[in-house]
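Okay, got some structures for you below.
What follows is chain A paired twice: with chain B in the first complex and chain C in the second.
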Partner chain A sequence: MKFDSLIIGGGVAGLSCAIRCAEAGMKTAVIAAGQSALHFSSGSIDFLSRLPNGQPVYHPMAAFDELQQQSPEHPYCKLGKRKVQEALDWYQEMIKARGIYLSSQEDEANHLRLTPMGTFRSTWLSQQTVHQFPLTNTAGKLNHIALVTIDGFRDFQPKLAADNLSKLAQFKDVKITTAAVELPDFEEMQRNPCEFRSIDISRVLRDERKLHAFAKSMIQAVGKADLVVLPAVFGNGDGAAVIKLLEGLTGFTICELPTMPPSLLGIRLEEAMKSHLKMLGGIILVGDEVQRGDIEDGELKRVFTRNHRDMPLIADNYLIATGSFFSRGMAAQRLSIDEPIFNLDTVAIPDRDQWYQPEFFTSKAHPFLKMGVICNDQLQASANNQTVDNLFCAGALLAHYDPVFEGCGSGVAISTGFHVAEQMISKHTAHQNQNNKERTVA
Partner chain B sequence: MTSWLETDVVIIGGGATGTGIMRDCALRGIKCILVERDDLASGTTGRNHGLLHSGARYAVTDEESARECIQENRILKNIARHCVEDTQGLFISLPDDDLDFQKSFLTACGRADIDVEQLSPEEALRLEPNCNPNLIGAVKVPDGTIDPFRLASSNVLDAVEHGARLFNHTHVTGLIREGHAVRGVRCLNMKTGEHFDIRSKQVINAAGIWGQQICEYGDLNIKMFPAKGSLLILDYRINNLVINRCRKPSDADILVPGDTISLIGTTSERIDYDKIDDLHVTSREIDVLLEEGAKLAPIMANTRVLRAYAGVRPLVAVDGDTSGRNISRGIVLLDHAERDGMDGFITITGGKLMTYRMMAEWATDLVAKKLGNTQPCITHTKPLPGSEQAQKKVKHTASLAKPIYQSAYYRHGERAEKFLKNDKKSQAVICECEMVTSGEVEYAIKELDVHNLVDLRRRTRVGMGPCQGELCSYRAAGLFSEYGQSSGTEASHLLSDFLEERWKGIKPVFWGDALREAEFTYWIYEGLFGVSDIPDSDLPPLPTPNLDTDNSTATQTNENKSEVVS
Partner chain C sequence: MSLLKKDTSFDQCIKCTVCTVYCPVAKANPEYPGPKQCGPDGERLRIKSPEFYDEILKLCTNCKRCETACPSGVKIGDMIAVARDEHAKMPLNIKTIRDFVLSHTDLMGTVATPFAPIVNTITSIKPVKKIMHKTIGVHDHKSLPKYSHGTFRRWYKQNCTSQALYPQQVHYFHGCFVNYNHPQLGKDFVKVMNSMSIGVQLLDKEKCCGVPLIANGFFDKAKKNAKLNVRNFEAAIEKYNSSIVSTSSTCSFTLREEYPHVLKVDNANVADKIEYVTRFLLKQFMNGNTPKMKPINKKIVYHTPCHLERTGGNLYTIELLKMIPGLEVVVLDSQCCGLAGTYGFKTENYDTSIAIGESLFKQIRQSNADFAITDCETCKWQIEENTQLETIHPISLLAMAIQ
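The block that comes next holds the complex of A and B.
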């Protein structure tokens, strides 16, 4: 099988790159091994919440100079501010076409999203069903927040969140209450509803009769509140519409929180990107995995996958966006780390005792999160210190940034994926022009 | 004014020995209170192989220990069925090993009354397909496994049901002394910061390696020589029989299955006494354990390591020896009235997990004699709570799946009936790796002296499985605010403390899947949940126990006695 661009990895970085390539009319395929990290993400887009030295970032766009100072090899610094901005603008527009409205604060500052622990994480774009708490004057005009769960649901514990939230100085005058709403037909269900995960509940509430009954119980259980916070347990990609309906039925202003996995807010983004890609004619090879590839004279010639065995997949250009350690994009051995498919060049910290901090939750970053694959400013990978011209890399397998500590995971994934696509497109266009010229000459 | 309690016997230390004494006293009608600075089995008791020795390991070098082991082995298989798995064990000889050793091993086992059976390599491999196929000989022995957490907890449960009291998370900060007599202990409740006294006729120091400190409160000189032993927990149960190496005891020569996992250990290294609360498993130890372990079962080389931990053996110098040459590995019972002229104070130490019951019997015999109690010991015949076969199994509904009630009976025996109820909330599985239900967590919080998620893990195995508490720790934290006394913020701190505690064991083996799992945990709990920003709890910060090594305060108490009593 032959493609213009072949993308290894079906997460944010891979899908962003694939969609952009498909938009440009290229024959594009994505090889997705399984669920991506979106299944346990917030569904908000982090741009840059903290600088590597820990300093909080107010306006990500205004922090580029400082980032360049502190971390010149950061993927953002390889791209530059303009390209990152262009990528994030593109992403917002693209995903809007699928009914997900990502927005930032009006002044393009970061905002805070409430976590299930009742703490806050800084982010840049959130979906329309997520309440944006401003960085300053965080409580705003809210007088009463109700944290509501589904009775018996294990993966969102509102009491923990409520107690923690009420301890914050900004919320000392805000009334914070909790409530649990029973699922309709609780007693009659065959499976124990107390063992439901978010996605199981979404299936129950897809039934409109049950949603109506749920809305009724909700009004009773909650009483009055300016803002009702619910765990993300709605919809199958169309959660925003279900919440709109529920708001109409209850009269509440409702916002969602991501839960323990699976996170429906993240899955919503993945579903939107996948269907968009398919609509554009892109191919997704689900459940397949690249096992090896042939690199000859600084070019990746072909790759072999588990399902296609000895039938190679061939493309003009390739992207590797297989994620970090958890996603198996990187592998950590007892004494070294490596990139398992192509054995690409990596940056590693030699002494394993230096990979982590003594405490798990700490104000410092864990160094292992910055280990990964090396690339040049064009995001081309290298093997044995030789650049592989048609193999690009993007997303979490890249070295030199910390998605969690710096709060920049999805921003880096989108912008590196998009930037790789732009280069693939211009190579493709140049190649076609060349062909056309040759044909004309002939 | 310090509040106080009164009892006959105070036991210091909630390990196997201390909890064993607590039960023995209670069953003989002796009033007692046990004080433990952390949680039950949180020290050496819970930091070993969990091997139910047959005694074979000691047969060649120490016949007395071997005899004690096989005797207690038989007793525990009877009285602690829910804590014991009768797996049997193999002593394998590899090409590097001397078959002559096997000969003397067989003879020694026979002398110590240990039933052994010599097997051909083929027979051994049929019994345990994962043991090294290059073995040249094997002997089957009646080894098994024992869960030290359940063991300690069951002893306490029985003791409490017979009138004893437990204070865990309580530091002993000093001894109450009247001249040449000990008349109780001074305590600090680590959860509330409250100081209180317990007056008693006798105090038994069963604090294991920490017993040296306790003796120092009484100006008594005991020299302990801490020996650190490190172990690794593997992600799967890769062997069903205990696999030992048939040679002189050495590093990493025992591979023990336990519930859902296997354990390889140990190393042995002398450490300074001031390091006993600051144990680290070194990279060198990890290397030794992995390399030697793979010789017992080559599959180990491809098995994920879940975590590493270390314990300290309490070796005691006897007869005032301070050089460490004259060390006892056996049981040491010191009557300080006789030895040092200090009335009302007894130290029991040394020994092994295997012989905890016997140690408890000796100590209780001594204290009973002093108190004039003539009731006989019955701990060798009376089953522990949970050990009896369930009388009637709970009505199994379709929703109560077999793995759930079987896990519950496996861990709690007949006591599982207390929480296996026919209601959906209590049946909901909280920990999917170990099949722990919400009802089991509620039972543990309300009835098994559980104060935090680490305690809960010891009672129920929550968070011990392959995911190391990924989802269940958050869910279980929620239950602490539902069934326990914790506020939401306290429960949040229980969660972060638990994950911090897990992290200690993960750091030494931070590569491969352990690294992957930790990265995932970090994404969820830090990235998604923002755990490091949990606000401070309302509770006062944990007190630092002001360990009272001089006696000025104790003397003062005596002077103010009338005031204290009123």
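The block that comes next holds the complex of A and C.
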């Protein structure tokens, strides 16, 4: 099977690259081993929340010079500010066409999103159903916030969140109340009390009759509030529309919080990207895994997958975007790390004691998150110190950045995926022009 | 068996519940706790005591979409099927008799085909349907598959006497559907193969692949069939060392994957030879053996069967369809049609089955297509019954294109 571009990995980086390639009319396939880490994500797009030295970032675009100083090998520095901006603009437009409106603050500053713990995390773009708390004057004009859950739902505890929130100086004059709303059919669902997750609730509330009943109980349970915060338990891909409906029914201003997995806010992004890719003619090979590939003379010739066995998948250009340790894109051995498919060159800290901080929850970065695959400025990978010209890398398997501490995971995924696609497109166009010329000569 | 030898892959489950998001049954039926609970969660308990086995596992359609979705590589569907094998009890009631009748496809086929016109008429009479609904629990909105008058094997014996003269040979596992219900698909297969100078050989003997038996809890019979089939595959390969091809996406999936993983029948000697037809064909095409095709100026919608997607075979079918000149191909969103073999025929599952398929039916009804195309015989029944659009196999479409 032959493709123009073959993308290994169905997460944000892989899908961004694939969509851009498919937009340019290239024959594109994505190999995805199971659903991506978006099912575990907030559904907001982090750009750059903190510099490597820990200094918080107000304007990500304005922090590039400082980032260059502190971390010259950071993927953003390989791409440059202009390219990163172009990629994020493109992503916003692309996803808007699928009904998801991602926005930043008007002055393009970072904003804070509320977590289920009642703490804040800085991010850059959020979906239309997420309330953006500004970095300064965070509480804004809010006088009364109601944190509301669904009775019996264990993945969001509003009392805990309210306690944490009320400890913040900015919220000392804000009234914070909590409520639990009963779900119609709650009795019936108790048959499987351990299966009461966001997705189960969303399935009940898809029934409009039940949503009406829920809205009624909600009005009674909540009373009055400037902002009602609910866990993301609405819709399966179409949650934003359900929330609009619920706002109409209750008269409240409602915003969502990401929950424990499955995170419906993250799934919304994934579904949007996947259906966009398919609409453009892209192919997704679901539940398959690349097992090996043949690299000859600095070129990846073909890859073999579990499902397609002896039938090689061949492409002009390849992207590896298999994620980090959690997504099994990287594997940790006792004293080393490796990239399991092609055994690409990696950067690792030799002394294992230095890989992580003694405590998991710490204000310091865990160094292992900066370990990963080495690439050049074109994001080409290398094996045995030899560059593989047609194998690019993007997203979480890249070395030299810390998506968690620096708050830049999705921004790096989108921009590196986009950058790789641009290079694939220009190689493809050059190749076609060459072919056309030869044909004319002949 | 010592604990170490037990399959402990459920330990890979991180409880993310992503499988449940993509489970068509959990989406449509709140009674079903979902694959995470029935698979890895339940397995932890069942390993301690079989008492923890829950009959609700019967609601699983074995579509394997949970495995396709799992980010951690847990074989959730296999786990549920094996648990049913080990623990499910078969109650002595009329529904067990129904399940027997529905699942023993080759036995019923052998009995019914000689009297096909009579059997077909009787099973489609309204009062008979009502009685079947009330007694054995076959839903009266469903039409039982029609039997063909005369089997594919008989047709082959009478009409395909010189297949061995072709320079290349392929073994054909026709399955119950082609043999008893729809010999035309087998005939189309022979036509397509012959047009590429490939002769078609039947196996000396073949039995139902076992998938309906697995679904209905007749595991011993399924294992017996599996062993017989594997023996016949080995003998066939001895004769001609070539591929064993099936025109059913589910039969080929079962023969290759379910034999070792669910039935624990060793097929290692033959597994690599078993291929779904579009994979076999595409390989031929890529090696330059392409039949001459005339344009088919029609619009088709393609529905991906669950088991084909699980093994990645939809890629080959879609590529193949795109190679037919003049054909407008629209690939539908991949989602379960809801029938899942014998599942949707049962009164207790009918509503779930229709709820699962509803958005697919809607998409097809709005498509204005000339045909729906799918690789699976039971998807075909479900789509035709609920959309009134003629649904045909990609090989039959290819046969139309071949002069």
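Criterion: the second predicted complex is superposed on the first by the 434 of 442 C-alpha atoms of A that agree within 3 Å, B and C clash if a C-alpha of one lies under 4 Å from a C-alpha of the other, contacts with A are read in each partner's own complex, and residues count from 1 in each chain.
In this section, a contact is a pair of C-beta atoms (placed from the backbone, for glycine too) under 8 Å apart; a residue touches a chain by one contact, two chains touch by 3 or more.
Quick caveat: nothing in here was measured; it's all calculated off a predicted structure.
Peer 1: For A:Met1, select first, second, both or neither according to whether it touches chain B, chain C, the two together, or no partner.
Peer 2: second
Peer 1: One more residue to check, A:Arg203. First (chain B), second (chain C), both or neither?
Peer 2: In the superposed model, A:Arg203 contacts chain C only, not chain B.
Peer 1: Check the residue A:Ala213 against both partner chains and state whether it touches chain B (first), chain C (second), both, or neither.
Peer 2: It touches nothing on chain B or chain C.
Peer 1: Contact-wise, after the overlay, does A:Phe40 reach chain B, chain C, both or neither (first, second, both, neither)?
Peer 2: A:Phe40 contacts both chain B and chain C.
Peer 1: Looking only at chain A, is it chain B or chain C that touches more of its residues?
Peer 2: B
Peer 1: Between chain B (first) and chain C (second), which, if any, makes contact with A:Met311: first, second, both or neither?
Peer 2: A:Met311 sits against chain C, while chain B stays out of touch.
Peer 1: Looking at the overlay, does A:Asn236 come into contact with chain B only (first), chain C only (second), both, or neither?
Peer 2: The second partner, chain C, only.
Peer 1: Quick one: classify A:Ser324 as touching chain B (first), chain C (second), both or neither.
Peer 2: First partner only, chain B.
Peer 1: Between chain B (first) and chain C (second), which does A:Ile267 come into contact with in this model arrangement: first, second, both, or neither?
Peer 2: Second partner only.
Peer 1: If you stack the two complexes on chain A, which partner ends up touching A:Asn192: first (chain B), second (chain C), both, or neither?
Peer 2: After superposing on A, A:Asn192 lies in contact with both chain B and chain C.
Peer 1: Which chain A residues are contacted by chain C in one complex and by chain B in the other?
Peer 2: After superposing on chain A, chain A residues 37, 40, 191-192, 194-195, 261 contact both chain B and chain C.
Peer 1: Considering the complex alone, what residue numbers of chain B touch chain A?
Peer 2: Interface residues on chain B, with respect to chain A: 283, 398-399, 424-425, 427-430, 438, 471, 474-475, 477-478, 481-482, 487-489, 491-492, 495-496, 499-500, 502-503, 507, 510-512, 515-536.
Peer 1: Along chain C, where are the residues that touch chain A in the complex?
Peer 2: The touching residues are 16-18, 20-22, 26-27, 30-31, 33-34, 36-37, 41, 67-73, 272, 279, 282-283, 309-313, 315, 318-319, 331, 333-334.
Peer 1: So in the complex, which bits of chain A are touching chain C?
Peer 2: By the definition above, chain A touches chain C via 1, 29, 33-37, 39-40, 185, 188-189, 191-192, 194-195, 197, 199-200, 203-204, 236, 261-262, 267, 275, 278, 283, 285-289, 305, 307-311, 327.
Peer 1: In the complex, go through chain A and note every residue touching chain B.
Peer 2: Interface residues on the chain A side: 37, 40-42, 115-121, 152, 154-155, 157, 159-164, 167-168, 186, 190-195, 258, 260-261, 263, 324-326, 328, 331-334, 352-353, 355-356, 358-363, 366, 368-369, 403-404, 409.
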